[in-house]
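The structures come next, written out as structure tokens.
After this come two complexes, each holding chain A, first together with chain B and then together with chain C.
On to the complex of A and B.
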């Protein structure tokens, strides 16, 4: 799956779970207060199901989930 | 959406119910009075595959689907929520190891935990830290070859019997999770007796004085102890408590229907008195609603739907609230008999109050539910007009 397609799916998921969908792909969704701890769990659950993958302990670092761009980078590296 | 049990799930329910009726229910009041459950009970639960219902079969677990796990917790909750409490924290420890521990630790601990040779507990709460769990004070200091833990944990279910305890501590200022075997030097465990409810859950207090664990006993990475490890285990815990409270409410309904049928006042059975019927009607209606919410969670969890996490908080909040109200009404219907030792409803009443506090107090659940409400309803909110006067 190409990065644009990954970004589109991630953005679609995020916008269905946050109240304000006015954010850029590079924005830190945690710093913007868009995502709480429950939402972080939901995000991991969504990504593992949608992209048929399992994140390792090292990958389950919030830095890897801080933005759409960071998530795309993580998933692209797993697919490589 | 899922609306009924499959034939296989009904068969499992029958087996589970029969086992609990024979082996748990007859002893629940006695264990409550003695404030302990024999270890052989958990070994036997392990032999039946009830100790690690969600664990993958490759590790000796039962690999139950979420509905069947719910059935187990409901049936067990009907008999003894203290047993549920111990099964839950054991399961929370198992969940953490299965998801976050290294392969050697999984291979070492999980088969033993499935058989009941190793019993687990989960230690997050401290004397001064409850809901504000990210800020636990217990410290884990990195040393050569591992970590040294110092601090205190309180209100830990199963602490008096558990062989392996998952402890959340600050590792250089970041919440992290550690597996600590009971026999580790420096760890002492003191029983807490005289609890309002969950009396036989063998609750205890942990003192950690220079407890050294190897490096690989930190599970998950530094900083992931609350956001991932504990959060994942608490989600499992809330799911178990939600179903257990459905069972507890069912027990209140069963006892109350039976009592109201046989107890006579003013030459009529209680069931002929309308104010009694009102309590029964509310109890039954709330029970059905709580079970429907728990079913919805089971369905979502088996679909690995992200919404399962927020729905589980809703189910836990509602079913524990319903259980508390049902138990209160059950005591009221039973009158003085409901306050004495001859009927179990006084135990239901005491246990239900604890269910409103564990795995995140109901006030914490309410905060999450209400905040999530703004997200779930954001589109409708955007469509709504604000009156000019505001």
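On to the complex of A and C.
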């Protein structure tokens, strides 16, 4: 799967949760207050299901999920 | 503290057939049904014991439900399955709606065919004939180890859940906006003796959202309550639909080198409410206020990965591993605010 389509799936999941979709792929979604740890958990479960993968204990770190870009990097590194 | 030997689990839900089981007579053949003479006592007693009940009947829903209402027993039944499809499918849906595994289900039906079909597909479900009714209430499997104040309210709590779920499903908009409408209040306070039966019940009913998978017996909890080194906290949640009851338990061991969360668990009924994260945020704030470090034990089971993620996303990092128990430590420098949809009332006194 290419980075653009990963990014668009992640964005559409996030916008179903947050009040606005006015954020950049590089924005820290936690610092913007768009996502709290409860939603982060749902995000993890969504990503594992959508991309048929399982994150290791080391990968389960908020830094890896802090922005659309970070998630794309994480998923691309797993696919590689 | 050791895990208890697991006998056959106690029955948590009884699924009833209607024709010639709850009542004598067959509705669709034009009979005028009469209640089975044992039924009212059985329904009431099971309900008081905190055992949930439902219906799996091959009938037309409107006719059967009208008859149930006429007998005044409709309130006893959660997620009734009344249609012409198989009873195995009905039981599976009831189990899913209640979030209870089918190994703690009993099924009562007068037809050997129905009992056999259920036993064939779901050998873990215990099946009974209505002729067993006079002895049913004395059967060990139907007698919970404890009957707490909350057991008696269990059906009502599930009925509020059903209403809440229906409304959540119909809610259009972001998930968090729905949580804002609930007016949730989370209370965290030191456990007292009267909480221990419910606390034991929670450790034994909760597997998915238990950080160590350890179950504690009443006697263990009672000892911990008196231990100067330990603090046992209970959490309860209410919202505008009613009370969820006591839904969380935390055991903290106080040590000069830091506090250690030995156990943190919560009922899966509040999984999607952010309660675990709020409980951890509270402990982080308290540890920082008292100038101490905060650790947590995590023991992986085949079902509790959600709790590992909860810790990791609440600022905990793995520190060391000993005999399969992971020791984690919390970063106390950057603690998030409580969720805006949750009103917190928390007390904890580590110094007394």
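Quick note on the criterion: the second predicted complex is superposed on the first by the 80 of 80 C-alpha atoms of A that agree within 3 Å, B and C clash if a C-alpha of one lies under 4 Å from a C-alpha of the other, contacts with A are read in each partner's own complex, and residues count from 1 in each chain.
By our rule, a residue touches a chain if its C-beta (ideal position, glycine included) is under 8 Å from a C-beta of that chain, and two chains touch if they have at least 3 such contacts.
Not measured: the values here are computed from a predicted model.
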> So, does A:41 touch the first partner chain B, the second partner chain C, both, or neither?
Replying inline: both
> In the superposed arrangement, does chain B or chain C reach more residues of chain A?
Replying inline: B
> Should A:49 be classified as contacting the first partner (chain B), the second (chain C), both, or neither?
Replying inline: first
> Regarding the shared-chain residue A:62, is it in contact with chain B (first), chain C (second), both, or neither?
Replying inline: both
> Touching A:23 in the superposition: chain B (first), chain C (second), both, neither?
Replying inline: neither
> Residue overlap on chain A between the chain B contact set and the chain C contact set?
Replying inline: 17-19, 36-38, 40-42, 44, 57, 60-62
> Inside the complex, what are the residues of chain C that reach chain A?
Replying inline: 174-177, 272-274, 277, 306, 308-310, 312-314, 318, 336, 339
>> Per the contact definition, I'd like the list of chain A residues that touch chain C in the complex.
In response: 16-19, 36-42, 44, 57, 60-62
> So in the complex, which bits of chain A are touching chain B?
Replying inline: 13, 17-19, 36-38, 40-46, 48-49, 57-58, 60-62
> Which residues, counting only chain B, touch chain A once they are in their complex?
Replying inline: 100, 219-221, 223-224, 226-228, 231-232, 235, 304-310, 313, 368, 371-372, 374-375, 378
